[in-house]
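Look at the two complexes coming up: chain A is in both, with chain B in one and chain C in the other.
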Partner chain A sequence: MSAATNSGIKRSRRHIGDHPLPWLLPLILLLVTFTIYPFFYNVWLSFHEFAPLSRSLEYVGLQNWSQLLGDTRFWQSLSITLAYFVVALTLELVIGMCIALLLDADEPGFGLLRALLTMNLVIPPAIVGYMYLLMEDPQFGVISFVLQMFGLVDTSTPILSSPSLALAGVLLAEIWQWTPFMVLILLAGLRSLPTEPYEAAMIDGASAFQTFWRLTLPMMWKVIAIAVLIRGIDLFRVFDYVFVMTSGGPGTATYTLSYYSWQQTFSFIKWGYGATLSLVTLIIVLVVANIFVKFAKVRW
Partner chain B sequence: MHGTKFARTIRFIAAWLLVGLFFFPIYYWTSVAFRNGRDIFSRPPKIFDFEPTIANFNAVFGISFEGGVPQITPGGGNFYMAPRLWDSIVIGVGSTLIAVAIATLAAYALSRMRFKGSHHFVGWVLSTRMLPPVAVAVPMFFIYRQFNLLDTYTGMIIIHAIMNLPLAVLLMKSFFDDVPNEIDESATIDGASRWTIFRRIVLPMAKGGIAATAVLCFIFSWTEFLFALTLTQTDVRTVPVVSTTFVTSVGTAWGNMAALGAAAILPAFIFVLAVQKHLVRGLTMGSLKQ
Partner chain C sequence: MSKVEFKNAQKAFGAVKVIEGLSLEIPHGSFAVLLGPSGCGKSTLLRMIAGLEKLTGGEVAIAGKRVNDVHPRDRDIAMVFQNYALYPTMKVRENIAFNLEIQKLEKREIERRVSEAADILNLRPFLDRYPKELSGGQRQRVAMGRALVREAGVFLFDEPLSNLDAKLRAHMRVEIRQLHERLGATTLYVTHDQIEAMTMADIIVLLDKGAIVQVGTPDEVYEKPNSVYVADFIGSPSMNFFDGEIEADGEEVRFRAANLSIPLEARYRGQAGKSVKLGVRPNDLHFAADGAFKGEVILSETTGAEVQIHVRIRDSDVVAVAPRTERRVHGEAVALSVPPGKVHIFDAQSERRIEPQ
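Let's turn to the complex of A and B:
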């Protein structure tokens, strides 16, 4: 920070507050205390483990890390998190784009439709989890009832306690809540596109499909990249829906990394191992997101 | 894109149907708040044909209609949640004030002053937004325990303010970037200090942006689950966390839970509508301007 002396304006005389440090100091202090410190605390904790007998943390060396590599539950939760991430991101993006294209018109009432979609974003995800828990109830749930009517699920297979369907049941809540996020962002992107290329394409007789692939998609690239980045970061840390809907079950069918790590720490008092797991989650998110930022040239 | 009348009609119907499908769970959940147990636990599930009741709101907030007069009777019942709504409001407002104040200062510097590594600094702020809450919550739990911050307003306000700082900084920076730098420059020539320019000129010009930032910070605090679950116990409980207490060993009090949920959604929705103009910019942390 010592080199940070110059303000943007040519300095004819010194003014109070020309140096950026005083402006940034509160932010730096808070962020360092509450992000850098927890990070190193996690690293330290990952080399220790809570010993029930002595009721204290004992140094265990690399034990947590070697345990991690051989832990089938960890690999399972990693693949579940990845599956959740890929399916949710793809569907939210595709459905979101379809709805955005549909709403990209000056029809009466479309403003109201946009406003209705924003409602999903302000509901606490934990409450959305419960909404879907009720609606997916095998006996009284609306969704289960409709699926049973079409013969898609059996009356005897509750969605959320079936190993093969539970993750889909959680994903339903996820996709319902966050597709509107994609719609709003993509719609804003669509609305700000220039009209001239479309007029030219129409004169050339391009089909709607060609216009979308050749014009809309390339012009929307930046918008899509930002939407994917922000949603992707949150998807990788999914916790709330799993916690209220399935608690990771049945068996381990819906264990996500965040949930697994939380459970090791707070339910099983494996503080060191829980910290190791959360550290791995953190590293994956940071690495993947930063590569994406570089690759997609997202800028702030 | 002006299609034929037929195409327009199709688009119109499809849009309403799809959005209606997305709206249905909200309608259903809100309707559950106005049902008694018999109409919740029915097969086939009832959609519109239930007997409306405000018993759930009575249990959760003490609201009743005695002889046609609305009354609020505080206290009473295991599921009396008005104090929990208050907890959520205190934490939401407190953390928003701190986050916006600190972010506004930092964002002004990042928008106006060029210094070595300022680009990396923005990148660092952004990457703190990527931290998984669970990786922060675990160490925070031990730190809070040491400093007696567990289960307190202060502790929750601090953690929610931190959580919202990256968003608030990047968003405010984008709003300050909208205020032309020439205004600062001409004021500097007139002899005004940075602080005066910031307080008297730039801040008032960005007040719409500040409002939008504040609303988003409030909503993210209002809906946050993991920190509140981990760092509170009994004295302080936010709405999302306290929803879990409706699940009991003798069954789930869906009606009561839905009443709390409906009451939690409404104010947040009104706030968002008030800043709808800036919503997409907020959701993308300032990187997309509408």
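Let's turn to the complex of A and C:
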């Protein structure tokens, strides 16, 4: 007799409980194929290197790891990634919060404005990269034109080709595309805040700044932390804009960690070293994210 | 002198008119309860005093000064919200001190006022806790503490006890009233609970559909309700009503309905022939062998010291409140009488009270 006809729901649930494997198998297969196996393969790879002569992977022990510690390119790309991370995250958070506060209203038209925010997000990052490449062109780019108008740059200093400006040029694309993401998350948080404490604060006589600082910010803390975490992890693996706009140049001005790993792996066919670099990126992200989660008291 | 006045106050949300031309004066130092069913505009009225709702017409004045366009912080008010509206990320101490910090008072003065409020409201053990770590009653007290330290001229309470259990509510009623006595400020208190209104108020303002129905002391409103609506709303259990007519026969004036004839005071003689509604409070009905209300007991509810006895008189049910010793059993035939001075007569059409000279 089948379980279902035997004695209803309880029986059929126990049936699943006795044999969970068939139900879990698809998920396990997916995880093993696309996450666990590649991860361990990557770890294994970091102890090997592709030998062009024998056209095979040869065991090299800790050579990749020791090379990494002495690799100035690596340290340089790490510091560029960190700078990119800090500047982008700060600006996206601050600008995002300002825009979210402005849009947190029920006046007519604000719903449309909120909907328009998603437009930046649906464009593929590579396309945004091309857009900004053109807009920052010293000859006909609109951004260059405006900056030249204010005397901030001149035609002889193309933004993306000057070592001191290139990272900022890439950051422009990054911030333009991803600030709306911050706005969306922060706005969702703002819109779900209770209204009564604000009325109480009004009667208590709090100014707009006091209300923001003493009420909104603390009440939004968890939302902000989640937004920072998601964006932060994403920022650490910045690749598209760099690839499209500067290829890491000029010199090493925009050489980020993920671009460096990509180049080692796919341009220089140093699979082992590329794997080591990407593992280090993963370790840094995991450590920083966990410290942040602990520090920010985010509970999942 | 913090008297509160409304002069032809109006409030509309879009096309929906919530308050239409309301005028009212609450004298300084009195405890006024705005009473009415949900949606009658009582909370809106309170929020208009607080400055949380703008008037669409008329005027609101505090201490003789028009405050229509004055910011809430400058109205010399303190408010306790229905859901307490505590600042969730601040400790109890900070919640209470927030206004004082904004006023930039000296640290020592802030500390003094906070601990004074904490003592009055028994909050000392909770000063370093967050609102989420408190029970409903404790949160309620924090909300009151926050209002208390402001030393405002007008205190506004928006259904502050509606989230508490019955026992705590009774306790807090006493505390709020004592607080009012101590502070001597003008208090406006919104509730839909007529027991709260009766027990706490100096003045009851009974509202219906955005208009004042009756203003008076609890005794006045209870003893002389000016309409069927008020009579029905005030008092628990509710007043019993009978439709009928006033008849004058020689010396005697009587209220007569189908198989019911009750003697009235002679002063109703002038109303003879009028269709009326007769109202009797449940505790004015007494068991008497020759009582006019004859019927059968259908339910007997004990509330402790008293019993509420439901009696079916032909097709209508009447409730009488009697001492516990007067217990009756289901199906028992009983007769109830009412002293002539204890009936309330209302016009059948307008439902207004008839008060002959």
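Before moving on, here are some points about what is shown:
Criterion: the second predicted complex is superposed on the first by the 270 of 300 C-alpha atoms of A that agree within 3 Å, B and C clash if a C-alpha of one lies under 4 Å from a C-alpha of the other, contacts with A are read in each partner's own complex, and residues count from 1 in each chain.
Note that a residue touches a chain if its C-beta (ideal position, glycine included) is under 8 Å from a C-beta of that chain, and two chains touch if they have at least 3 such contacts.
Fair warning: this is a prediction, and the values are worked out from it, not measured in the lab.
When both complexes are superposed on chain A, chain B and chain C end up sitting side by side without clashing. When chain A is checked against chain B and against chain C, the one touching more of its residues turns out to be B. By the touch criterion stated above, A:Trp221 is placed in contact with chain C alone, chain B being left untouched.
In the superposition on chain A, A:Ile203 makes contact with chain C only, while chain B stays out of contact range.
Looking at the shared chain after the overlay, A:Glu107 reaches chain B, while chain C stays out of its contact range. With both structures placed on the common chain, the touch criterion links A:Thr179 to chain B but leaves chain C unconnected.
Put simply, if you stand at the Cα centre of chain A and look at the Cα centres of chain B and chain C, the angle between them is 80 degrees to the nearest 10.
Once you line the two complexes up on chain A, you'll see the smallest CA to CA distance from chain B to chain C is 9 Å. Overlaid on A, the two complexes show chain B and chain C touching no common residue of chain A. For chain C in complex with chain A, the residues that touch the partner chain are 50-52, 71-74, 77-79, 81, 83-90, 98-99, 102-103, 146, 150. Residues 1, 8, 11-12, 14-16, 18-19, 22-23, 25-26, 28-29, 32, 40-45, 47, 102-103, 105-106, 108-110, 112-118, 121-143, 158-159, 161-162, 165, 169-170, 173-174, 181, 184-185, 188, 193-195, 198, 219, 222-226, 229-230, 239-241, 243-244, 246, 252, 254, 257, 261, 264-265, 268-269, 271-273, 276, 279-280, 283-288, 290 of chain B touch chain A in their complex.
Contact residues of chain A toward chain C in the complex are 194, 196-197, 199-207, 210, 214-215, 218-219, 221. Chain contact summary for the complex, chain A toward chain B: residues 3-9, 15-20, 23-24, 26-27, 30-31, 34-35, 37-39, 41-42, 45, 99, 102-105, 107, 109-110, 113, 115-127, 130-132, 134-135, 139-142, 145, 176, 179-181, 184-185, 188-189, 192, 198, 223, 226-227, 230, 233, 236-237, 239-240, 243-244, 257-258, 261-262, 265-266, 271, 274-275, 278-279, 281-282, 285-286, 289-290, 293, 298-300.
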